[in-house]
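Everything below concerns the one structure shown next.
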C-alpha cells in the first residue's frame, strides 16, 4: 500500500508560468543542466588523463532532479547535496573552476586539496560540504532547519539522501526529529534505482521510499526525476509549505544512475534494457524538447547556451589547472577553528 | 492517516480456546503475571532496604503485554526483552531467585554481579541479556532471525523496543533489514506512552508507531497492552506467519508505565488522571475479572496461585540473599571467550 | 564567591552563558520539563522557554548531528547525552563530521556535548564509563574533564565559547559530593591549561576528573612523600608543558585515570614523558588505571575496578622506593 | 605453495574457511553479485549461494548487530564494511554489545569484521583511515592487522575460528601491491603473536600493517644499522613479551604507525616499553606516526601525512646517534 502522492508530469507552459518561472528562468534551468552535464563529462576526461586521483563519481541522469530542486531553493535557504547533486552546486552558483580545482586537488579548490570529488561547498551559497558517510549530512541538515525554527526565520533546509542510504538510521532519526518538531525541511531522496551494485528490492521493501513520510507525520511525494519542471514544482510547494510553518516534506525523485557507481565500475549488473529505457528519457534531452515545443527555443539559442557553457568550462579548467598544488607545510593548519573563523556567512 | 490494524479486544472463551489456550494455559498466564508483578514489588522493598544499589526499574502496567507475547513464543524461539519485560523472563521460566540474585548483585545471579536490574537472561530459555543502550538489542534480534532464515529453521525471533527508543536509527535499520529479507521476526513495541519524562508527541508524529510497519513492507498491529489475551492472539498470529515464511510483523502494545521511569522518579510530569484512567484497566485486574467471568476462576484458585507465588518468592529471596557477593579476584575473568564457551545452548 | 557543588557550578555556568549569549540553546533527552536526569538544567525551560531548552526525542544521532547543523547556522548548541555512555550512538557523527569539517571544508562546528561520566555508584557497565580516551584520539575535537566546581563552571563557559566541538565530561560521582568556592560572576577557564592541584617535589601524579580527589587522598596517606598533583583539566589538547616541567622537577611520574588501561589516554601521557623527559626520569612512568574489563555493577567489583586511594598510595610508595 | 597477492590470500582464506565450516557466512554491501568493492569475494556468491554471501542494505548497524545475533544463534558471520572508515557507523554496536556481552552476560560473540583500511592512493579523509587504535582500547574486542599475504590468510582463518569479535583490518594499499608465498592449504596463524619480520641488533622498530614494508625499506636505507623489525600482526591482544624481549636486546625502540599520533596505539606500546624495559633503554622510545589531522586527498598532502621511508630512516639515524 502506498501512502505517497505520485506527482503528475509538468505539461503546459501556462502551468509553469503560474509556478513563477519566466522565459529567462527556463533557459537558466537549461543552462544549469548543461553545465552540470558538461562539468561531469570533463571530469571523466580528466580522470582518464590521470589528472584526477583516487576515484571519480558523477550524477549523470540526475541533472533534472538536482537542478529542479535547487531552483526552488530561496536565497537564504541551505542545503546538503551529495555526490549525485553537482547540479545543486551549479544552480546555486558555484564557479565551475572551483569544482575543477577540487577534482584536481588544487590549492585553490574549496577544500584546498584536502578532500576530493564533489565533497565541497561554498558557504556563501548556503551549501555545506558532504562527507562520504551516507547519509550523515541529513541530521546536519535537520539541525539547520532547527536553527531556523528557533530563530523563527522563513528559511528552509534541503537535505539529500539516496535510495540505498535510506536504509541507514540517520535518515530515520532525521525524519522523526523533523516531523516531531515540524521543522522547515525538504527531504530530497535521489532514488536512482541502485546503490552501488545493489538494486532497490534489496534496499527497501515498501513501494515508494516517499511512503515513509507517513511514518513521520508528513507528506511524501514521488516525482519523475527526469522531469525537471515537475521536480521544481514539487520542491517549490514543499519549500513554501515549510516556510509557512507546515513542516517537512519528503520528495523522492526517481531516475536511473546512468553510469557506474564510480569511474571504476562498468555497472555490468544493471540490465542493458534499463539503461536504454532511461536513456530515452534523458532529463536534458527531455527538457530541451519541452523548451523547443513550449517556448520555441531555437537552434540558435541552444547553440549559444552550449557554446557559452563550453567556453566557460574551458576557461575554468585552465584556471583550475593553473592553481598550485597545496603546500604540504600547511597540512597541520586549521584542525581547530579560531574565533575569527566562526564569522563565516553560515555562522551569521 | 493510520495504516496499522487496530486489534479487537479478546471476548469470549471460545475465541480463546480456538487460539489453543486451555484452562491450564489460562491459569498459567495469570500465574506469570502475578509472579512478574510480585517480583517487581519485592524489588521496590529491596531497594528501600538499601539492598539494591544503583537504580531500579520496573514494568508495572506492562505485565499483560510482556506475558502475552512471551506466551506466544515457541520453545525454540528467541527474544531480546528489555527493562519493562520482566514478564517475558518469567514466562520463559527463569527461576525468580536468579532475578533477585541479579538485583542484589550476587555471585549466583545470571551476570554474577557484573550487571544489575533486569539486564540478564538465560540462554537456555532462548533469551539474550539486554544492554542499556536503547534499542541496540533490536539488530541483534534481527540477526537471530537471519540465522533462522539462513538455516531454514521454523523459528521466530522476538525483539522489543519502546515508544521512545522507536526514534533511534537502530529500529529503522532493523525493520528495513528484516523487511527486505522477509525474516521471521516479531517486532514488539512496548508503547507505555512515556519515555522517561518525554510524552509520545515529542517522540513521534504519526498516529500509531505500528503505522511504521508499512514503511518496511509488512503489517503493523496496535493492541491494548492491558488485554493479555488480545496481545497473545496477535503475537501468535505474527509468529505463525513468520514461521510460515510470511516475514515480520510489528506489534505495538499500548499501556501506561504505572511508575516513574526508575525508582528515583516520582513521575510528576504524568497527569494524575492518566494514572487513574490506566489504573482502572490494570492488566492483572482485568485478566482476573476475565478469568472469573469466563472460566469461573474461584477465590480459592486465586488464593492458591497467589500464595504459591508468594511462597516461591519468599524462598527465592532467601536463596538469593544467601548467595555470596562476587569475588573481586574474578573481575578479570571472561573478558574473552574460550572455544568451550561457544558450546552454549544459544550457539548450537 | 560562595560554596557550591560541582553540579551547581555547571548549572550556574550554563545559565549565565545562556543569559549572556542568546545564541546558546540546550538540547537533550528529558532536560526540559524534567530538568535532566541529574537535574543540572532544572528550571531552565521555565526561564528560557522550550526552544532554548529542547526536550529531544531519544535520538543521539539527530541530537548531535542536529546540533552541528544549528551551529553552522550560527547558534551555539549545548547537547546533553543522558549518560556519557550513550555518546557511542553519536560516535560516527562526532568523528566524521564535527571533528573534520573545519580542517576539511573550512566550516567550524562550535558545539558542546555535556557528558555525565564515571562510576562509583553501582551504575553498571553502561552508566559508569569514561570514554574520554576514545575521543582524545580524534583530531578536531576538544575533550574537557573538570575536577572541581570552580573549573567546571569556568570550563563549561569556555567550552561554549570555543569555536570547536567540545566534549565536556562531567563526573557524576563529583556532582553532589564535591563542593568548593565558586566565583559568582561569569568567567572563563582556558581550555588546554593544566592546574597544579597540589605542589610537591618527589613524585608527579598526572590525572583528571574524579581521580584528582583520589590522588589527593592518596598523597595524604603517604605524608613522607612530597607529591605534586597535576589536574590536566582538559585532555585534548593537554598541557604537555606543565606535565614535562613538573616531571623534570620531580623525576618520577604516575599517570592515574579511571578509564581502562590498554589504549587509555594514560599511555599517551606516559609515552610523551618517556620521549621528552627521558633524561630526567629516575624511575619508569607508572600507570594506575582501571583494568581492561567493562565497568562492573556489584559494589565489591566496582571497588576492585576503579582505582582506589590505596592503589594510588601503593604506587606512590613503590615509585618512591625505586 | 604459490605466490599470491595480499588480496588473493585473504580471498583464499575466506573461501577455504567457508568450505571447511558450513556455519560461516558473509554479509556486507555489494559483496555478492559485485564481489565486493575490492573484489575480495568475487565469485563467492556463485559458489556459496545468496544466503551465505549476503548483499545487505546500506546498514552498518544492522549488518554488525545482525551478525551478532546470527553468531549467538551459532553461525559464524564475517561482515564486511566497504571501507573501514564506515565502521564508525557500527561503533555503538561493537563497543556496547559485541565487546561486553561475554564478560557481562556470558554470551560469546564470534563475529569477524573485515575492514579495508589505510591510505596511499588519494582516497581522501573518509576512505583512508586507520581506526584500529580506537578499537584496541575496547576490552573484549580483538584487533588484527596483517602485513603479509601469508599472515593475512592465516589470520583471517584464525579470526573466524576465534570465539570473540575480531576486527580484521586489511590494508588496501597492500591488496595488489604486496605478493608473497602463501601455503595452499588451510592454516591458522595465531592471534596475539608478533613476528620478527627482520632480525637485528641495534634498534627495534615495532609496527604493523603497511608500515611493516615502509620499515623494511627504511632499514635498507640505513645499512650501517642492524634493525630489528617486529610486525605485531595483532594489536589487541598485542605481543608485549616479543616487543620487550627485542627492546631488552637492542636498547632502542621506534614505534611506527600510519594512524595519527595523539592517543594512537603507539602511545600504549611506548608507555609499556618505558614502564617494563626502563632499565634497558639507551634512548627515548620514538614514535613515527601520521600527524594529528584527518587524512588528506591531494597526493602531495597525503605524502606529508603518511609516514614515509625517509621519515623512518631519519628517525633511525637520530635514534642511533642518541
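By written order: A, B, C and D. Residues from 1 in each chain.
Everything that follows uses one rule, which is that a residue touches a chain if its C-beta (ideal position, glycine included) is under 8 Å from a C-beta of that chain, and two chains touch if they have at least 3 such contacts.
Here the structure is a predicted model, which means the values were calculated and not measured.
Colleague: Shared touching chains for chain B and chain D?
Modeller: A, C
Colleague: So, comparing C-alpha centroids, which chain is the farthest one from chain B?
Modeller: So the chain farthest away from chain B turns out to be A.
Colleague: Is the C-beta contact count larger for A-C or for A-D?
Modeller: Top pair by contacting C-beta pairs is A-C.
Colleague: Between chain A and chain C, what is the gap in Å from one C-alpha centre to the other?
Modeller: Chain A and chain C have C-alpha centres separated by 40 Å.
Colleague: Could you tell me the distance, in whole angstrom, between the mean C-alpha positions of chain A and chain B?
Modeller: Once rounded, the distance between the two centres reads 45 Å.
Colleague: Based only on mean CA positions, could you tell me how far chain B sits from chain C in angstrom?
Modeller: 37
Colleague: In chain D, what residues contact two or more other chains?
Modeller: Counting only residues that touch two or more other chains, chain D contributes 56-57, 59, 61-62, 85, 88-89, 92, 96, 100, 103-104, 125-126, 139-140, 292-294.
Colleague: Counting only residues that touch at least 2 other chains, which ones in chain B make the list?
Modeller: 111, 114-115, 119, 131, 133, 167-170, 173, 176-177, 180, 202-204, 335
Colleague: Where on chain C does chain A make contact in their complex?
Modeller: Residues of chain C touching chain A: 25, 51-52, 56-57, 59, 61-62, 64-75, 77, 92-93, 96-97, 100-110, 139-140, 142, 163-164.
Colleague: Where on chain B is chain C touching in the complex?
Modeller: Residue list for chain B touching chain C: 53-55, 105-106, 111, 113-117, 119, 131-134, 164-169, 195-198, 202-204, 269, 325-326, 328, 331-332, 335.
Colleague: Which stretch or stretches of chain A touch chain C in the complex?
Modeller: Contacts found on chain A: 78, 110-111, 114-115, 119-121, 123, 128-129, 131, 133, 136-151, 157, 169-170, 173-174, 176-177, 180, 334-339, 341-342, 344, 346-348.
Colleague: Applying the document's contact rule, which stretches of chain B touch chain A when the two form their complex?
Modeller: Against chain A, the touching part of chain B is residues 1, 3, 167-173, 176-177, 179-180, 182, 201-206, 211-212, 214-218.
Colleague: Show me the residue ranges of chain C that touch chain D in the complex, using the header's touch definition.
Modeller: 85, 88-89, 91-92, 95-96, 99-100, 103-104, 125-126, 133-134, 136-140, 236, 260, 262-276, 278, 281, 283-287, 292-294
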